[in-house]
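Taking it in order: structure first as structure tokens, then the write-up.
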Amino acid sequence: MAGVDEFARALEDTPGGGVVLTSIDAISNWARGHSLWIMPMGTACCAMELIAASFSRFDFDRHGSIPRPDPRHTDVMVVAGTITKKMAPSVKLLWEQMPEPKWCVAMGNCAVSGGIFHHDTYSVIRGVDEFLPVDVYIAGCPPRPESLQDGLLRLREKVRSESISPSRRRTVEGLLPLPGGEKR
Amino acid sequence: MSFVWGLLYGTGAVILIAGGAVVGVWWERKVSARIQLRLGPQQLGPAGSLQMLADVPKLLFKEDVVPASADRLLFRYAPLAVFAPIAMSLAVIPFWAGWAPLDSAAGVLFFLAVPSISVLGILFSAWGSHNTLATLGGVRAAAQMVSYEVPRALAVLSVVVLGGSLQPSELMDAWRWWWIPVTLLGFGVYFIASIAEMNRGPFDLPEAESELVAGYFADYSGIRWAVFMMAEYGAMIASALFGAALFFGGFMWLPGVAGLAVHIGIAALIITAVMWVKWTFPRLRQDQLMTFCWTVLTPLALVQLVLAVVVALWL
Amino acid sequence: MSAECRTVVNVGPSHPSTHGVCRVLVELDGEIVRRAEPIIGYLHRGIEKMAENRSYLQVVPLTDRLDYVGSMYANWAYCRAVERLAGIRVPERAEYIRVIVCELQRIASHMMSIGSTGADTGAFTAFMYAFNQREQVVDLFEALSGSRLTYNYVRPGGVGADLPEGWVERCREFVAQHPAAMMEIDDLLFGNVICRARTKGIGVLTPHDAIGWGASGPVARGSGVDWDLRRDDPYSVYPRLDFTVPLGERGDCYDRGRVRLWECVESCRIVTQALDQLEPGPVQAEGLPRLLAPRPGDAYDHIESARGSLGVYLVSDGSVRPYRMHVRSPAFANLALLPMLAEGHTLSDLVVVLGSLDPVFGEVDR
Amino acid sequence: MTRMTIDELREHLCAAYPDLCPLFSVEFGDGVLLVDSARLREALEDLKELGFDRLGMVTAVDFGDEFELVYRLTSRSMRVGMFVKARVPRSIASVRSTVDLWPSADWQEREIFDLFGIVFEAHPDLRRILLTDDWVGHPLRKDYIDDSIIRRPDYL
């Protein structure tokens, strides 16, 4: 993305370039927002609702969101379900395999905070935000597909505020270390 | 002069395939949705027809990932090696009475031979990705595409026997409506073999989603992956247009632009049938796929060929 | 080919057809699987440990999350163990309701399994059709418990709430249309020549192995092992209901799928009979203390879940919390068969075999 | 093939193996055979001979100084299930594997090894199964300590 960054900087330095930059941003954000392909990182119960979401009844294809099992083809990782210490390195690896720009949705209480598995257990990571930068949190155990729909539409709003220019981009903390150190 | 003509043609073919792929993907999403009791894209444009206008720029703006362990040269240029032969194959398809963009004396042969080169591109991508699943997919694709060449060529040959020419325009001039019943079996073989050629369900083993995740293009992202998809749809469009011309007469039914419309209409029906098959049938296994090719499809194509020869001699 | 030519392929832990988070290390010789080793534990959440720090009633929501495709089963198995331990008598109406919801749950769970056979073989459309049937069951359960997936409905001493108004009629409607819908899915999937070719003769499980490896449910019955706890170790009101236990012959993926299919039809019969016999009454045992504290000892009880015999082993030390809870998970036992069944088949068959064992990893890993 | 009651089972067992008879008791409606850990293997072999062809469940319970191993056996021919229990001292938590009798013990014994640290001798492949290979400790032991555990406030 270095070339894009330089191009964006050059545009900002050019008089009137800001207008062009804003237009490019508008187009790319519109396109990205309306074509959020899902990487279904379903591990537990929420995965069932994630499946239901793209099936006949709820049909996320209506919004242009289709699930693709291959991380390289997707934009949004929907972490649906409990992430255990054994699973976390795989989730992180899949996240790293996704091409930029990418977003992460924590679906369900387990992915948000550990939920019902927050206390007393030795193997669960309490929230996927301990090692991934989460954009949208969806509560529920499991959330209904409608909630996921709402979450994706909110993500679309968030995408709308992004920019290809580094100076206008929101700052995200990159990848966080896995709790308890790196294990792979 | 021929260079300029070639440049013009190339641009035209790319635009045609890109446009066709955009419409095709939308159509496929709608057709699959209808089959699966869903609605499909709905939000952008009437019936979601502008959905691809969002998808394509998104893929364009996506990061272009090259895995660290990949063979960079092969990995980067494999999509082109898949796409270019398919775009080239469009050149010999007759669209107009007495005219094809490249009306070569061996045009039919060209159409059968050139798209097969894309199997090299698939092998490049599979090998270049340095990924076991991708390699498996690539090897599957190679075996499958090389094998299904045979029945496909034999099926087309039966039309050639009837027409007595390998030149697309001459072949089409010789075309008569009663060829349809004579070559119907041939069309069946051509249809099935073409589905296998373009790696679509139920022959989509190279990219089998439930086994190999995405097969040979598993490591491609953004626009490079889009080129693979375009090649797939391009192959579908080329096969459908060519089949519509040879087996159903295409533009021969009506003069001028109306004929072209009929041609495209028949091709669209064929494409829809391809999608219908994909979204209804389960996937074959590799050994079943090969057995089917050699013990069912090839003999059937030979029967068709004999039939066509008999008819041609009898006339 | 010599052993040096083997390729090791890693399937999972996030793979479209592992039905959750299972990793299978596959040694391939060309396309032929020479060794497949399932690696589980990616969803091990320590539910058994958590249960030791919850009161008996608070464990019920945890059991929901065990088998998330069929939450009612784990609820029921746990509640039966608690009831056995604490000597609770469950009212008859509650038993009938439990049977009804569990048979509906069997339909919902089998729909998922049959549908995913379609998805594994590449016929995604059949999955959608099956899932639509599942959605209807889920709707019924939502009316009962307010949740689409984790019901927390079967409680120690009865069920959470009585059937809402009009529920029986809705249930009858569903059960009436289901066999026909089932046949449609059957035509779409097992009626298809490709699907038959993909499942027949694949992953053959002999009855001897099925018994030795502790397989249960449709996996064992697909091999012709005539063992169904509903009939052979009758519990609840099953003795009063008339049903047959479908059996397979060859023990391949096809038979396992067909057994599931026929079980759904049988479940419809059971639900109809149970609805006919349902009489008004209380749905919760009277006089239960808010905090159960059974006398010290241990109890085991099992039910026939969609995956096989699901047992819960509870140890009480006389306090208000279980001293130890262990779940005998049928999916865990069935999944152990994978290396044996997949060997010698191709990689494409591996996913079909895995799908036909119908593992739910919440239950496998616990 | 009728269902055998607990009493019939006791008679059947006593007739076949008189030495096991005094160890048999009934608890919450289930037959329980409480054996010494040294004789566990022998008892299980005898019961397999008797017709208990399925090992439904193996698990362990931590009782402080001792671990109790619980085997749930089922017989298809007699249509009855029963328990075999044996206690092993915590200091030498080791017992003979039953994989050769019932293959279904394979993964279950691995699980017990993983979560309790009880070693099964002659097990073909005794590795951790649910937790990662580099995990420290055996979590289902009552004295397991892990800094990452957050204790739940005692609401009840």
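A, B, C and D label the chains in the order they appear, each numbered from 1.
To be clear about the criterion, a contact is a pair of C-beta atoms (placed from the backbone, for glycine too) under 8 Å apart; a residue touches a chain by one contact, two chains touch by 3 or more.
Because the structure is a prediction, the values reported are computed rather than measured.
Chain-level centrality, scored on Cα centres against the all-protein Cα centre, points to C. Distance between chain centres (mean CA atoms), subunit C to subunit D: 24 Å.
Remark: subunit A and subunit C have CA centroids separated by 32 Å (rounded to whole angstrom). Between subunit B and subunit D, the centres computed from C-alpha atoms are 61 Å apart. Distance from the subunit A centre to the subunit B centre is 35 Å, each centre being the mean of its Cα atoms. Looking at subunit D, one finds that residues 131-132, 139, 151-152 touch two or more other chains. The residues of subunit C that reach two or more other chains are 15-16, 41, 44, 46, 49, 53, 128, 132, listed in rising order. Residue positions of subunit A with contacts to 2 or more other chains are 55-56, 69, 86, 119-123. Taken chain by chain, the contacts fit none of the simple shapes, being neither an open path, a ring, a star, nor a full set of pairwise contacts. The chain pairs satisfying the stated touch condition come to A-B, A-C, A-D, B-C, C-D. Those residues of subunit C lying in contact with subunit D across their complex are 40-41, 44, 46, 48-49, 53, 55, 58, 84-85, 209, 211-215, 225, 227, 232-233, 291, 297-300, 302, 309, 311, 313, 315, 320, 323-324, 326, 328, 332-333, 336, 365-366. Per the touch definition, subunit D reaches subunit C in the complex via residues 3, 27-30, 53-57, 59, 61-62, 70, 72, 76, 79, 81, 83, 102-104, 106-108, 111, 115, 128-132, 139-140, 151-152, 156. Contact residues on subunit C toward subunit A in their complex (touch as defined above): 13-16, 20-21, 41-47, 49-50, 52-54, 61-62, 64-65, 68-69, 112, 127-128, 131-132, 135, 138, 148-150, 361-362. On the side of subunit A, the complex with subunit C involves touching residues 41-45, 47-49, 51-52, 55-57, 69, 81-82, 84, 86-87, 90-91, 94, 116-117, 119-124, 141-142, 144.
Taken in their complex, subunit B has these residues touching subunit C: 32, 35-38, 132-133, 136, 201-202, 204-205, 208-211, 213, 279-288.
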